[in-house]
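Next come two complexes built around subunit A: one with subunit B, the other with subunit C.
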Partner chain A sequence: MRFRAKIVDLACLNHFSRVINTIAKLAKTCTLRLTVSKLYFILSDKVANGGVSMWCELCQGNFFDEFQMEGVAAEHNEIYLELVPENLSRALKTAQSAKAVKIKLTNKHCPCLRVAVELPSLSSSSRIVTHDIPVGVIPRRLWNDFREPRVPDFDVSIYLPVLKTMKSVVERMKNLSNSIVIEANLSGEMNLKIETDLVSVATHFKDLGNPPWASEDGCQSSDQGRDLESMAEARIDIKKLQQLLAGQQVNPTKALCNIVSKRVVHFILLHEDVSLQYFIPALA
Partner chain B sequence: MPLSTQPPASGEPYVLTASLDNARHLSSLLRAVHIQDYATCFATANGLRVTVEDAKCIQANAFIQAEIFQKFAVQEESVTFRINLSVLLDCLTIFGTSSLPGTSTALRMCYRGYGYPLMLFLEEGGVVTVCKINTQEPYELLDFDFCSTKVVNKIILQSEGLREAFAELDMTSEILQITMSPDKPYFRLSTFGNAGSAHLDYPRDSDLMEAFHCNQTQTNR
Partner chain C sequence: LECILHSFLFLLVFGRALHAIARISDEFWFDPIEKGLALRSVNSSRSAYAYVFFSSMFFQHYCWTAVSQPCQKEKQLSLPCKLIIKSVLPVFRCVNVLERNVEKCSIYTNINDHHITFQLLCKHGVVKTYNLTFQECDPLQAVFAKHMCPNILKVHSRLLADIMIHFPSSQEEVTLSVTPVKVCFKSYTEEDTDFSKTMLTEIQLNPDEFDYFQVGVDSEVTFCLKELRGLLAFSEATSVPVSIHFDVSGKPIAFSIEDTVLEASFILATLSDIEKETASQQPPCFSQRQERPQGNRNAPNTESAKPASPLAKQEIKSVPRVTKKDLTGMEGTAMTEAEHRAMLEEEATESQIISPQTLCHMQFLTSINIAFLQFHSLFFGAVSCKEKDATSHTFHSLATASDTEEDFGNMQSSQV
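And then the complex of A and B:
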């Protein structure tokens, strides 16, 4: 099992750091899956997470100048590591003006991701700051726990409103209630609602647009027969939604959510080189 | 009670209706008196007064004249209710506290009367938020009896200067002493702390002084 990678381009490095910062805001611990062409940050839905799950996918070629990976075996050319993304985020903070960053999987006393940041220096020899981030190697027999979640059989799919507005509204609502209801219909309308003994607040978004989904056999999406005005809704933990929105440091190119009434809300945020899926289950 | 998304048409039984093009004018004033969670709102044809009290010894009042509003109508002689000010502020600032230049949150406020919630309709950039905040029985408020004929000394200062002074007060002092006088030192803030006593003097011809009417020397702690 070997892994070494290098980033020299500053723009790629900052972009990568922003992705890691977003992941760190969403999960205390997560799984990093390395393949020849991609990196994945995965959080599988355990009770300990409150049932949320996350799937973030990056093409390594868009970030790394060098990328060499040898998996656990030839037929299973992948590596699965358990890590605390906050540690990686902190290590990358020192790399804001770095000449290069090298990441290597080592096993001196225990498995670590060694992040070596080469910093500019006035003298001829460069300064290198090294962070050893402990990781857990996940054995092959457990890899099935981290499969890509299927897009659920949703009732409504809708583009999200401007994230800045949605973020402000959800942040205020978080002061007023622990849970929030998201509802949307196929006419591009979405409502965010909270209701407590003291106050009820409802924010109405219009003209959001509904993304077209083709099912496997090329026919129109399964919700063809659905009444356009009828709302699909789910009540979710407002802190989880706020965490997702607050972690977005850059505006995504596409942002949408799929609602399965009373079951789960599936968020998809697409940037040029990164796709992030986040599932928030409905409260009982 | 179902939440209607339509603002009321005229002729509806609302004892108080008010419209404001920029909700920030209201929210920034109310934030200034937000020293406790609950406030009493008192509306007359002259405008809206919001009073917050703390432990029956401090009272903060914000008064917004009817003229500030684009529309302000009170159907009875006066309308009074008690409301959670933290919740009201969260609702008024639902679209955020900072905004891009050129955008503002429009507000419409409606109150049906005793026992009904306060309804807020806020709109920014095509997005509409409807809030329903429960109201309570108004409590008796302190009456400081500031009868204007008995006023001995009155000073109006620009708040920026006072704010800087308050920020620098010696907090190891148990009391703040305020001296007002027609003679020197005119207006003095004094503290007596561990390091010694400190005095901040404002001369009567200072730039910060908007109005200075002092007839007697008076010291209060």
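And then the complex of A and C:
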């Protein structure tokens, strides 16, 4: 099992750091899956996470100048590692002016991702900062736990409002309630509602647009025949929603959510070279 | 004795000094003397000592008088006192904002009331007055023969800050490893560190990056980074380069800065290699008198380790049992592993403070009545354009802030 990668371009480095920072805000521990062409940050829906799950996919070619990987076996040319993304985020934080960043899988005292940052210095030789981030190697028999989640059979799919606006609305609501209701319909309308003994607050968004999904049999949409005005809703933990919105460091090209009434809300955030899916289950 | 000098003060520098000292301990010694104002602090486990000295030139106005009681024979007496840091820090809390809003800051004390007053004259006629009580006590002097250290590095504070920033703010201990051709700062690890849970950071530098680089003996010293961070912020404010003096592991490491108007030293104990030390340790002894309770002024202190002669160089070895988690009571478990040894010798460079008279009187303080000191200092917060108005401002504030008429009169006559 071997892995080495190198980033030389500062813009790529910053972009990669931002992705890591977003992941770090969403998960304390997660799984990093390495394949020849992609990196995945995966959080599977364990009870410990509150049922939340995450799937983030990056094309390595968009970030790394060099990328070499050898998986556990020839026919399973992948590596699954468990790590604390905050550590990676911290290692990259002070690399903003780096000449190069190299990441390598090593095993000195224990399996580690070694991040070596080469920084410019006043002297002839560069300053080298090395961070050893401990990782856990996940054995092949557990790989099934980390499969890509299927898009659920949703009732409504709708584009999200401007994330910055949504974030500030949710942040204020967070002070008043522990849970929030997201409801939306196929007419591009979405409401965010909270209700407590003392107060109820609702924010209404309209003209958001509904993304077209091609269903398996090629028909117009899987929820054909659904009343356009009818709202699908789910009550979710407001902190989880706030975490998702607050963690976004870059505006996505596309942001949408799929609501399965009273079951789960599936968020999809697409950037040019990164896609992030986040599932928040509905509260009982 | 009085001395009056005009200069610029950087409130920021003073505030940062206090913040740096705050990282060492909750209380500090406030020790005004003729030549300037000294601030000292030592942490509870005696493994870190901070000393900052502002010469009288640092202040826009500095007046120190000693008023002795009739029974005193000494004329020059300084009375250091102890203040709680938490009481003083709010005065200098947001130092950046302070410089914009505060036009003048004056510090004066009246021993009779056991109060030290910090008064900030701010914009728009706002006056903030902080009256702080203090405890009288004898000064603590940790002295350290810097010139005897085989390893000396000198570097701009910016570089040191750029190095330390790579360590997480929760990183407690850091190891500095030097050979004549290589310098490296790394996270401290010990034999039973759980590597699977700890992220380790290491920074390698070229000796070229240092303004001065002298390595007499290859060494690896481990010290507490948390205690140092305050000094880094302080030295950045002063833009004075930082000198690092150290020896082999177990001997203290000193980080110091020095320029014409101020000097500061942070002396930290370093981890020694695990040796077969017996559990019974020598009781720590310092060149310090025990702190006296306020009401008990006349009782002589029998426990103090008085130097044989004021100016003799004394080697006082102390073997305190130190753990970084002292406060949480982990001393028992850390007994042999984290034994810190701080060797305290009289500091040659502190000679301007340890004047013969001062030392003499320190010896006597234990057995005679308290000397009363009237101390009066003013310093100017905002700089530059106000300088021309300094004189008039000084008199004006003297009139309102002065404790006695005599001071006022004296100062006026010696104005330049």
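The definition used in the following text is that the second predicted complex is superposed on the first by the 284 of 284 C-alpha atoms of A that agree within 3 Å, B and C clash if a C-alpha of one lies under 4 Å from a C-alpha of the other, contacts with A are read in each partner's own complex, and residues count from 1 in each chain.
The rule is short, and it goes like this: contacts are C-beta pairs under 8 Å (C-beta built on N, C-alpha and C of every residue); 3 or more make two chains touch, one makes a residue touch a chain.
Remember, predicted model here, so these are calculated numbers, not experimental data.
Superposition of the two structures on subunit A leads subunit B and subunit C into a clash. In the superposed pair of complexes, A:Asn87 makes contact with subunit C only, with no contact to subunit B. In the superposition on chain A, A:Arg127 contacts subunit C only, with no contact to subunit B. In the superposition on chain A, contact of A:Ser275 is made with neither subunit B nor subunit C. Of the two partner chains, subunit B is the only one touched by A:His204; subunit C is not. Once the two complexes are laid over each other on the shared chain, residue contacts for A:Asn14 go to neither subunit B nor subunit C. By the touch criterion stated above, A:His109 is placed in contact with subunit C alone, subunit B being left untouched.
Of the two partner chains, subunit B is the only one touched by A:Leu176; subunit C is not.
After superposition on chain A, the subunit C segment that clashes with subunit B is 131-139; the remaining candidates among 77-85, 95-103 or 131-139 show no clashing C-alpha atoms.
The residues of subunit A shared by its contacts with subunit B and with subunit C come to none at all.
Per the touch definition, subunit A reaches subunit B in the complex via residues 161-162, 164-165, 168-169, 172-173, 175-176, 197-207. On subunit B, the positions that touch subunit A within their shared complex are 3, 5, 84, 86-87, 90-91, 93-96, 124-134. For subunit A in complex with subunit C, the residues that touch the partner chain are 84, 87, 90-91, 94, 108-110, 112, 121-125, 127-134, 136. Residues 165-166, 168, 195-209 of subunit C touch subunit A in their complex.
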